[in-house]
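There are two complexes below, and they share subunit A, which is joined by subunit B in the first and by subunit C in the second.
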Partner chain A sequence: MTDKILVDARGLSCPQPVLETKAALESARGNTVEVLVDTVTSRENVLRLASRMNWKGTWEETQEGTFRITLEK
Partner chain B sequence: MINRFLMSRFGPSLTGAVVGVLAPVLVFLGNPGNMGVCVACFGRDIAGALGMHRAAVVQYLRPEIAGFILGSFVSALIYREYKPRAGSAPIIRFFLGVFAMVGALIFLGCPWRAYLRLSGGDLNALWGIAGLAAGVGIGIAFLWNGFNLGRSAPTAKASGLVMPAFSVLLLVLLLLAPQFGRDAAGLPTGPIFFSKEGPGSMHAPAFIALGAGLLIGWMAQRSRFCTVGALRDLFMLKDPHLFYGILALLVAAIGTNVALGQFKLGFAGQPVAHTNALWNFLGMLLSGLAFTLAGGCPGRQLIMSGEGDNDAALFVLGLIVGAAVAHNFSFASSAKGPGPYAAVAFAVGMVFCLAVGFLNRGRVSA
Partner chain C sequence: MDDPELWGQIAAANALSDVFAMGGKPFVALNIVGFPVHCEPLELLEAVLKGGQSKVIEAGAVLAGGHSVEDEEPKYGLAVFGEAEKAKIWRVSGARPGDVLILTKPLGTGLCTTAIKAGMADLLDTKPVFDSMARLNDLPRHLDRELHQSIHACTDVTGFGLAGHLLDMLSGYRVDCRLDPEALPAFKGVLDVADLGLIPAGAYRNRELYSSRIDNLEKAPLSLQDLLFDPQTSGGLLLAVDPEAAQAFLELCQSGCAPESRAIGRFLDGTGRIRF
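After this line comes the complex of A and B, so read on.
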């Protein structure tokens, strides 16, 4: 059972969601990283960063319109 | 299909290429030289048309700007990206808009026009682009050190309708051009002013300009085209996909300018430009820093205001007020050279932006 790192990037301007995610991925050591964002732009930016760093990403939309992105190595 | 492509890594390149073709065509159809689209120049013309400054040669209600906002608004509605949000340091963003415009009018153009000027052969733009890169670089230093303006939060759905409604209002005023003001002699004047000579009097047919604006607004909304994000992501994240948008814009615009006989290489005698290297550089440095702190170039801010981003909308209104300030305080340059008080404007703007950079730090995320 690994710990989950949570990055709450809701409401942050570019490029903060990506920077916060990058920092989390670099310190994750194999753990799952979960990122919350609230715009499609941020969702795509985070997923693009993750794929460039060779992380696999999936996402789901919650009822309030938040995107919950799950990143795994 | 086209939406898929616009949202892919190649979306910004396609958008850049379309801007690169449309902008010189708009010049061919009547817009001022190397000013097919320019958020700074057009914002300044709108401020003038509304009587907020009285520089008689730069007053016109540019329909391209309304088109950007409305194109983005419709696109955001269709693709369910219309999400009104607000509350990320709105008053700071307003003044970042003011000083971004002041800097842009010292250079004479927004980042889009910097590249469009270069693609028309105006080599003075190289100093501006170097300044832009330097300004973005300073902004990046703040970002590495934890700079942020705090979170926005979802807000009233209707608040996102204000900028699209404002855009429609600008178009109605363009059409009606009401003249119910009276000057000292009792003759009709204002509240809407249109230049009779100078750059403000030069424009493509309004419906074509609006159509181009709508198309660019839609494409930029889908692809997140951003000329400041381009440099920022290239330097910070080694992610070039936005930067390719700029390269595509340059290549397409050079090709179109050559094809239309509008390419003229050199420093002197370029349209709506001056040859002072230092102020071309410093003006754009101030702008680049303000844009980076605000999270995107002025075109991108217009697009985000169409998506319902109240904070971006305040930045845009700051741009328009900044244009009025730039002319009323003689900060703005002209074809003759920098304005007499450019140095004052630059100093005040830099103090503000650096203070914003130093005073807004700290992690907001868990």
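After this line comes the complex of A and C, so read on.
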């Protein structure tokens, strides 16, 4: 399975991006989860959550100050 | 925070704390209120003010009126006037090498409110957190002259977190403070909240502002680091206490007026850094 689940949490303030990511990880069944956020706080909090749930996380900053976080089991 | 009376109590405890943190006693308080009179019932405001008044009375001060304006959302605070003998004022800097660092309330109110906002309050026990925020920092009212003078410096822990306010105490750049990570008091459950990524934005701002003045920060677990930077609402007093008096002082605190007080570090010769 290579399906990707996208969580677009841009424009949401914490803790909402974390809650949406948590729901996605819980239903991901091993698929890759991609999360878009637009603050450093949200990026770090999503990575903390992922690490706690034993997911590996990487991120890149796309041009307009958006962070794309890729989470894999 | 759904309980308006408790909200008033916490706001008042927070406002009164500034006078206590200077070793003084508050005399007069004035309410400062913003309130959306057309959207919220006046009973709500009454409950907030009742909560605030109860804390002003408990602090031994008089509520002498105040000012209110119409506002988009409810806001409440107090202007507080107090008195301290000039020679006995506790200042924020003035800690000496050897002094014991004592904190009078546990840490983690910012993490707690973030968990509540996330609908995950069941991760922790919120009652002790609310009780702590509403508790007065009225230590100066309970100290005899000798113990009062054994305090070499004091501040209260609020929005800049333990790290920011402790660095303020070190701003004379003549002493460092070695924190004992295992002694840092945290409300039950807040470290788990941090590990789940429920960390307030203010904690990240504090980390960015202060981490360059903290040695060995990276050796501590992340959740403990978060505790150091967590912004506090109505946090405890942070005191530099003469080592000769520290034990007696701590026992007095723990026996009544500040039951959750802990020794969390030591001052030593240095250049204004926190050592972790």
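The definition used in the following text is that the second predicted complex is superposed on the first by the 72 of 73 C-alpha atoms of A that agree within 3 Å, B and C clash if a C-alpha of one lies under 4 Å from a C-alpha of the other, contacts with A are read in each partner's own complex, and residues count from 1 in each chain.
Basically, a contact is a pair of C-beta atoms (placed from the backbone, for glycine too) under 8 Å apart; a residue touches a chain by one contact, two chains touch by 3 or more.
Fair warning: this is a prediction, and the values are worked out from it, not measured in the lab.
Q: Quick one: classify A:Gly65 as touching subunit B (first), subunit C (second), both or neither.
A: first
Q: For A:Leu6, select first, second, both or neither according to whether it touches subunit B, subunit C, the two together, or no partner.
A: The first partner, subunit B, only.
Q: Please indicate which partner A:Glu20 is in contact with in the superposed arrangement: first for subunit B, second for subunit C, both, or neither.
A: first
Q: On subunit A, which partner's contacts cover more residues, subunit B's or subunit C's?
A: B
Q: Considering only the touch criterion stated at the top, classify A:Leu47 as touching first (subunit B), second (subunit C), both, or neither.
A: second
Q: Return first, second, both or neither, reflecting whether A:Lys56 touches subunit B, subunit C, both chains, or no partner chain.
A: Neither subunit B nor subunit C is touched by A:Lys56.
Q: Taking the stated contact definition, name every residue in subunit A that is touched by subunit B in one complex and by subunit C in the other, in rising order.
A: Shared contact residues on subunit A (touching subunit B in one complex, subunit C in the other): 13-15, 18-19, 22, 39-41, 44, 48-49, 52.
Q: Show which residues of subunit C lie in contact with subunit A when the two form their complex.
A: Touching subunit A: residues 114-115, 117-119, 194-201, 204, 222 of subunit C.
Q: Taking the complex as given, what residues does subunit B use to touch subunit A?
A: 7, 9, 79, 81, 83, 85, 87-88, 143, 148-154, 224, 226, 229, 232-233, 236-237, 239, 241, 294-296, 311, 364-366
Q: Which residues, counting only subunit A, touch subunit B once they are in their complex?
A: Going through subunit A, the ones touching subunit B are 6-16, 18-20, 22, 38-41, 44, 48-49, 52, 64-65.
Q: If we count contacts the way the header does, which residues on subunit A are in touch with subunit C in the complex?
A: The touching residues are 13-15, 18-19, 22, 39-41, 44-50, 52.
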